[in-house]
Amino acid sequence: MDKSELIQITEALLIATPEPLTEARFAQCFDSTPDMSLNEIIESLSAFYKETDRAFQIFKVANGYQLVTRKEFEPFVKRLYTRSARLRLSQAALETLAIITYRQPISRVEIEAIRGVSSDSPLRTLLERRLIEIRGRDEGPGRALLYRTTTEFLQYFGLNSLQDLPKLREAQELIQDEDESLV
Amino acid sequence: MDKSELIQITEALLIATPEPLTEARFAQCFDSTPDMSLNEIIESLSAFYKETDRAFQIFKVANGYQLVTRKEFEPFVKRLYTRSARLRLSQAALETLAIITYRQPISRVEIEAIRGVSSDSPLRTLLERRLIEIRGRDEGPGRALLYRTTTEFLQYFGLNSLQDLPKLREAQELIQDEDESLV
Amino acid sequence: MSESKLLNRNYTVDLPIFEGPLDLLLFLIKKDELNIYDIPISKITQDYLAYLEIIKELRLSTAGDFVLMAATLMKIKARMLLPVPEAEGEEAEDPRSELVNMLLEYKRFKEAADHFADREHTQNRMYYRVPSTSEGEFEVGAEDLLADVKLYDIMLTFQYLLQNYEEPLSHEVAMEAVSTSEQGAYLKILLNQSEEVWFTEIMKDLGSRLVIIVTFLAILELIRSREIIMEQNDLFSDLRIRRGERFG
C-alpha cells in the first residue's frame, strides 16, 4: 500500500467515522502497521484542504481527528439544524411522552409512579416543545394538573385521534417472542 | 455572494448535514435565492472531487445529496464499525419490505395474505431498523395499523425516490417466463 | 429461500429454508419444471406433505401456516376429483386458479426482494458522512425534536415502562400448557352439547395464536380418525364441524 493510497483511506475514515479518529481506531482499520503515522497523514490532508480552500478542516479533539466545517460558514450551517434529526428527545422525555400518550389525561404524580423518578424536567421540555399541554385539573383532593398530548403531536404521526394510536395489544403482538414452538 | 463562495458554503453544508441535503434544506440556509441551482453547484463539486481523486463522492439519495465514501474503501471503513456490523436483512424481512414498498400503506393482514405466512417477526425487525413506520389505520372495519416505508429506507437502499425502483413485473411477464422455462 | 444447515438432535441436514408455504410450492414447481398454470395437484400435494413432515419436526414458528396450506391443497385435490357440473355456456372455474394467482403474486414480490438484496449489497459498501455531534445549541420546535422519533418508539417505551415499574398492571405471560389431545377433548365436549359448531366460533375464544394452531391440528387429527366431519359451503365461508361416524 503506497502513501497516497494510505492518505485516501484515511480521508474515507474521516468522512465516515462517527467519533473522532484516534490512533487506536485508525490502527484497527489495517492489518499491519501503516507506513505513515496518523499525524503525518493528517498533516498532508490538512495541507491539501488549505491549499484548495475547502470549506472544512481537520480538527483535533480528544486525542483524535474530525472533519468540521470552517467557522465562517457557521451562519449557514446552523440553519440546517432548525429542521434536522440531530436533536433527539432525551430518554426521560421519551418515557414521559409515552406515558402521557397512553394514559392521558394524567397527573405528574401518576407519571412519576410509573417512571419511578421525578419528572419535572422532561415535563417542562415537552411543554416548551408543544408536544404536551396542561388540560384541566384532577377531581381528587390534590386537584393536580393534568397533562395530555397536543393536536400537533397527533398530526405529526398522521393520527386523526387518540383512538388511532397503536393499542398495547398490538404492540404485544409485534413484540412477543416468535420462538413459540408447536405443541 | 459570488459563485465560488456559494460552492464553498454548499460544501460546508454537505459536510455538516446529518441527512440528505434537499433543495428545501439548501434554500433554508440562505436569505435570498442563490445565483446557482443546487444541481449546478453539486456538479461543480463532484467534478472537483473526481479530479482530485477524493476518497468520497456526492451521492444522490432520498431526494437530496449526501457525501459517501467510495466503494473501494469499504474493507477499511467497515472496521470502524466492528461492533455494530452491518447486518443484512433476512429473506423474510426483504420480502415483507418489498410488499410494503409497492403496496403502501398496507396492513399486516394484507402482507400476510401475499406472503402466505405470519410476518410479525420481519415487521418488528423492519420497525426496529427504521426502514418502515406505522402510519395511521385502515378505514375498514378492522381498523388495522398501516405500515409504510421511511426516508431511512431510501437511504439504506441508496434510492433517490420510490420512483427509482423498477416496476413490479406484470403477471403476464411471469407467465411468459414460466412458458420459456418449460422447454 | 436459502440454504442453511440445521442441527436437529444428533444429525445435521442440509435443507432449504422456506419463507412460507408459497415459497415451498414455488420451489417444488421449479424443481420438477412444472407448469404453474397446470399444476399436477396430486403430485405436488404429495411432495408438499413430505416437506411438511420435516417442517413440523423442526418446530418452526411458521409451521401453522404450512399446515393451513396443506389443507388448501387437499381441498383443491378433492375438488378436482368431483365431476364438473354442467354449466350453461360458461366455463367452470379451475379449482387451482386461486392458488395460481397467489403464487404469481407472491413471486413478483419475491423477485422485488431479490432486487432489494442486490441494492443492499451495493449500498452496504458505501458509508454516509456522519457529522460530529452537535457543536452548538440551536432553537428547535416540536417537529425538529420528533424528527427521529417513531410511533413505534413511543409504543415500545410505554410497554417497557409498564413491565418495569407498574407492578399491578404488568402481567406475566404464563406458559400455555396446551396439547392437541386436550384441545380435541374440548372440541368433543362442544359437540356433545350441540349438533354442530362453527370453526370461527371456536377460534374466536381461544386467544393466543399458539392455542389456535394447536386446536387446528387437533381438528385435523379428529377428521383423520373420522370422529368429526368438517364441511364448507363456499371458498372462504365458515367451516361447519359435525360428529363423524366414529365420534365417541
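A, B and C label the chains in the order they appear, each numbered from 1.
Assume a residue touches a chain if its C-beta (ideal position, glycine included) is under 8 Å from a C-beta of that chain, and two chains touch if they have at least 3 such contacts.
The shown structure was predicted, so the numbers you read here are calculated from the model rather than taken from an experiment.
Viewed as a network of touching protein chains, the structure reduces to a complete graph with every chain in contact with every other. Greatest centre-to-centre distance from chain C is found for A, with centres as Cα means. The central chain of the assembly on a C-alpha centroid basis is B. For this pair, chain B with chain C, the centres built from the Cα atoms lie 30 Å apart.
Distance between chain A and chain C, defined via averaged C-alpha coordinates, is recorded as 37 Å. Each chain gets a centre from the mean of its Cα atoms; for chain A and chain B, those two points are 19 Å apart. Counting only residues that touch two or more partner chains, chain A has 12, 15-18, 67-68, 82-86, 157, 159, 166, 170, 175-176, 178.
Under the contact definition stated at the top, the residues of chain C that touch 2 or more other chains are 61, 64, 127-131, 151-152, 209. Against chain B, in their complex, chain A makes its touches with residues 8-13, 15-18, 25, 28-30, 48, 52-56, 67-70, 73, 76-77, 79-80, 82-86, 157-160, 164, 166, 170, 173-176, 178.
Residue ranges of chain A in contact with chain C, taken from their complex: 12, 15-18, 20, 66-68, 74, 78, 81-89, 94-95, 97-99, 101-102, 113-116, 129-131, 150, 152-153, 156-157, 159, 165-166, 168, 170-172, 175-176, 178-183. Residue ranges of chain C in contact with chain B, taken from their complex: 1-2, 19-23, 30, 33, 35-37, 61-62, 64-65, 69, 101-102, 104-117, 119-131, 150-152, 209. The touching residues of chain C, when paired with chain A in their complex, are 56, 59, 61, 63-64, 127-136, 138-149, 151-159, 161-162, 164-166, 173, 178-180, 209-210, 213-214, 217.
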